[in-house]
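Going in written order, the chains are labelled A, B, C and D, and every chain counts its residues from 1.
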Amino acid sequence: MNAAVPQSGSAVPSGALVPDPVLEIRRLGKSFGGLQVTRDISLTLNAGERLGLIGPNGAGKTTLINLITGVLMPDTGTVYLNAVNLNGLSQPQRVKRGLARTFQITQLAPKITTLLQVEMAIHERNGSIGNLWRSVDAYPEVREEAMGILEMLRIESLAQRPPITLAYGEQRLVEIALAIALRPRVLLLDEPMAGVPEPERHIVLNALDRLPPELAILMIEHDMDLIFNFAHRIIVLAEGALLADGAPKQIRNHPAVRIAYLGLGSDPDQPMIAAELDPH
Amino acid sequence: MKITHRWLRNAAISTLALMTSVALMAPDRAQAQVKVGIIAPFSGPFAHYGALFKAGAEAYLASQGGKLAGQSVEMIYRDEGGPNPAKARTTAQELVVNDKVDYIGGVVFSPNAFALAPVITESKTPFVIFNAATSDITTKSDYYLRTSYTLWQVTVPMAQHAAKKGLKKVVTAVMDYAPGVDAENAFKSEFTKQGGQVIESIRMPLATNDFAPFAQRIKASGAQAVYVFLPGGPPNLGFVKAYQENGLRQAGIEFLGTAETDEFDLQKFGDSALGLTTAFHYSAAHDSPANKAFAAAVAKQNKDAVTNYATVGAWDGMYLIHKMIEATGGKRDGDKAMAAAKTQKWDSPRGPVAMDPATRHITQNVYLRVVEKGPGNLLVNKEVQSFGQHGDHGLGK
Amino acid sequence: MTLLANILIDGIAYGMVLFIISVGLSVTLGLMRFVNLAHGAFAMTGGYLASWFIRAQDWPFAFGAVGAVVLTGLLGMAIEALVLRRLYRMPELQQVLFTIGLSFLFVASANLLAGPEVQLIPLPPWLKDPIDLGIRTLPAQRLLVVLTGLLVMMISVLIMKYSRFGIWLRATVDNTQAASALGIPVEWVYALTFGAGAALAGLGGILGAELLPLEPYYPIKYLVLVLVVVAVGGMGSVAGSMLAALVLGTIDTASKYLASDWGSLFYFLVMALLLAWRPQGLLSPGRT
Amino acid sequence: MRIRVAPYLLIGLVGATIYFFFPAQLPLASRIATLAIFVMSLDLIVGHGGLATLGHSALYGTGAYTAGLLALHSSSNPLLGLLAGGAAGATVAALSGLFVLRYQGLTFLMLTIAVGQIIQNLASKFRAWTGGDDGLSGFTTGKILGLATFDLQGRVAFLYCTGVLLICLWMMRRLMGSTFGLACIGIHQNRLRMAALGTEIQPKLLTLYCLSGWFAGIAGALSAQVNQIVGLDTLGFELSAEALVMLVLGGAGSLFGAIAGTALFTTIHHVASNIDPYHWLFVIGAMLVCGVLIPRERWGVLMRARA
């Protein structure tokens, strides 16, 4: 697919040292009716990079995710994945090119066991999902791989349980497992902590630590503790436009961000008070 | 996906149900000498046919003292439902194989009657059709007999009458299904032969609720009369209502019908039906001792039942079965029974009738009738003229 | 020209009959999101009651009709309170099965109580005669249906838009829990709305009886007809139902004038195209 | 392995019991077997794909007419008839699916009704080919596997229908046990999730609809061959609605449930209408109403209490 593209990922980065842009967004714009919800956003995500995306409710975070994943089509601008223009490609086509996501509210097939769902993701990746005749049970290598992913996330004990029997935090992990099974280049995590009760938080945190290092991750989160610890770089969205882009430290000290979003004074020495900030 | 206990339970339940059904249906009836299976709609929108068939057949049996030709007779009724040939065939098969019936009677719908051909041919079971009116059914097996009518049979004399009356331009308006098309063809071919002209042929969809557009089309066509065929029930009421409400009568467009003023629906028309003319083989108002006896016998059997073409079809059908039992002495012998039935001639409540040995269809008088007020202020189909004996004109067309 | 006028007159008159028999369903299915396939059963109940009042009890037409409508509404409320409210949370398929089963029970009961034949509702003299429209005549009964249809639409739109009950209903349908927390008597709102839907169904059964004769199989026979109107019109939009009924009525009438030997092919073709064009219905409120 | 063979054995056992001990019920059992294939095909799209349809008889009827026309004009080979019926059903499914599968819920339901009605109207219009309301008849069915023709007792027909039922069941179970089947169930349960996995939903559903049409067509062809007549009712709304009732009665999503539901519904219909045809609707009506009001789990309790 990307053979025709000159700069695409031949150079395998170790960590985030060598910039290897896998996801590039150029001047993206989208409006609903007369309301401009995304204005001229450009950003780059490198292999192995952990990018945080924050902003108040209504800042256009979800719209941005929808534009990247192909749920919505932009009015202006372009999304590149491995230097391939994604405009006009459907959501499944983008997934096939290496773009995976999780949902703010978990989306799982409620009655299919965890293991089978992961297997399904692997079959989807392999292209064996359309096989009409061969039984699901006749792919030992897929089952093994699926089990391996569950083990990596330490949820192998959930293998035979369907999501309706799982705790919410566990369902998050299943979503992450599905995303990993797709072997994406880019993973979009849409508020992975949303709705996760306090006692289950560490499960998700541990899982995030175990994500493959070469994966590029874009995470939206309201949980400031989490995002400032997790991200290498943070971008701030406000009213549909990019407000700031920089390392966590820079963002914490960015005057405009402190006022507009973090709700703090412009003095960088003043400590952050709240872990979860939401002006609305 | 995984097989659970559910299917086991489901399967067990269904098996159980099957067995129970078998147990329920195990024959524990007193052994009669002759068995007659009647297939008719006892459920669904056409259930009144079943009721009338049953009333007619039971009335005939009772009029003979409960025995036919000295043989005790068991009547077995099976539901036809609606037009569903697959089910009709299964039903006939069960009647022949399980219940071991000697004769089959009934059947309202032509496709169902067609479906029985292989069963009756193979088992040599005489089957008397009480209603189903498509002409060529009787050609599909040698074991068909029919005591009802065909559209050709009653339409041809109607077309001749229209021509004789001096009508030149006529519109046909029929329901768009097989008997309707039969009726349209019959009228067109005979009326044209007589020098008339069918200026428009309207086929009305079976699902029609609103007949006003058709009434307007008839009115606009400039015809002197409209020849109509509709199946019994609600469409009849709808069409006659539209005929009145859209001023066709005032415009002098004559109504030439067949089964529309059937006694089952007649009283519901109210005064709007007065003066409608139809050509048909049976009127409840037919003045003869046989018809009076028939009406009395039916009333004794079921006080709600009317005497109409369905009731008389069943009554005469039972007469044929009676004669076949007589000829075979109650033994099962389809060929001997058919030989006897084919040459029968008798005095039916509708008038003198005879079986045509070639077509095994009934030859009968066709009458011109006009709807009038009769005794008790009830509407009747008054026979004003007899067109004489007619067989089925529809075969070979 | 006359042909066009004829198509329009008959089409609108027929469309109004379609509207009047489906408007009740547009309330129960459209507004309450309850897949009420027993709609025809309530329509039949209204018709049978009216027929009984007017024919057997010799009530005047208007009395009999109003009495039947009110009784049908009460019956609807009773059934809603006793059973149907347990079904709101069930999957649609379960609602389908239950209401079809209910329809079967109504069919069998009607057959048992009144026999298989058509039940007539005798019209008073003022509805019997055709009225001259200038270019042609139209039965007075049909004019009554047209007027009643317009009236029903106006009243329901007014109630939905401006009355407190309308606000309650919309709140309840949107979010029952929140509405309940706000002190809205949601159980009563549901029961009354369903009752209103049943009463409207009964009204349709009575006024539509001239074209859709009352017989035991009524609930099943005309089910598809009314479902089509509501689906094409848009969920919960009474005005949409009217628009759909008029469009479909006109199409059906036009096909009878111009292409009657194709059966109801064009009716369903147009329905499919309309649905494909506007899957949520011609007029669907609260959706952009 | 044991659990895989068990269902076929059970059906075989029931079949053998009917064949040897209740020969009187053979015609009824053949009809159940034919309908069961149809209801199973409906289960593919309703139970597995999650799309409620009321136009499934369009696929069944097309299969039936195709098999009938084939037997009438060219070959009375039953196997060829089944294949032709299946192909016709799949073709109609493919053509209509391209259109109707874009929609969901009530819109999809209404569109399937429309497609069914349109096809039925066409069949009625072209009566020169289809026989219109009189039905398509006059064709015969050749020897089954070159061995036997249908007998009056319905033995051969029963064995034939049961055989086709078992083969169809086996095929459908394989299909639904495949990765494709898994994906369809996934689409049923959560379309968002499947799209996020990269599943192209429409093509999957179209394939499923075609498979469903294939089996529905086979069922129709089987009915045509056994009854040697095809009526317009095979394309009718009533058949679609009844099949849906049978399916949900047995439990949508389970092919065995489909068979059990068909057997239960058809048998009760048969028994009830033989006892008193007038009131059979009371029975089915009460059955549906109670079936919904009393949750499945409680049926077991009730049954045990009675035993």
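To be clear about the criterion, a contact is a pair of C-beta atoms (placed from the backbone, for glycine too) under 8 Å apart; a residue touches a chain by one contact, two chains touch by 3 or more.
Fair warning: this is a prediction, and the values are worked out from it, not measured in the lab.
Considering every other chain in turn, the ones in contact with both subunit A and subunit B prove to be D. Chain-level centrality, scored on Cα centres against the all-protein Cα centre, points to D.
The interface with the largest number of contacting C-beta pairs joins chains B-D. Among the remaining chains, A is positioned farthest from subunit C, on the basis of C-alpha centroids. Centre-to-centre separation of subunit A and subunit C, using mean CA positions: 50 Å. Rounded to a whole number, the gap between the C-alpha centres of subunit A and subunit D is 44 angstrom.
If each chain is reduced to the centroid of its CA atoms, subunit B and subunit D end up 33 Å from each other. In this assembly, the C-alpha centroid of subunit B lies 35 Å from the C-alpha centroid of subunit C. The multi-chain contact residues of subunit C, meaning those touching 2 or more other chains, are 111, 261-264.
Residue positions 124, 177, 181-182, 185, 278, 281 of subunit D are each in touch with at least two other chains. Of all residues in subunit C, those touching subunit D in their complex are 35, 83, 86-87, 90, 92-94, 96-98, 100-105, 107-108, 111-112, 224, 227-228, 231-232, 235, 261-265, 268-269, 271-272, 275-276, 279-280.
Across the interface of their complex, subunit C is touched by residues 44-45, 47-48, 51, 176, 202-210, 212-214, 216-217, 220, 233-234, 237-238, 241, 245-247, 264-265, 268, 304 of subunit B. Across the complex, subunit D meets subunit C through its residues 52, 99, 102-103, 105-107, 110-111, 113-115, 117-118, 121-122, 124-125, 237, 241, 244-245, 248, 252, 278-279, 281-282, 284-289, 291-293. On the subunit D side of its complex with subunit A, the touching residues are 174-175, 177-183, 185-186, 189-190, 192-201, 204, 207, 211.
For subunit A in complex with subunit D, the residues that touch the partner chain are 69, 90-93, 95-96, 100-101, 103, 107-112, 116-117, 119-121, 123-125, 128-137, 139, 178, 182.
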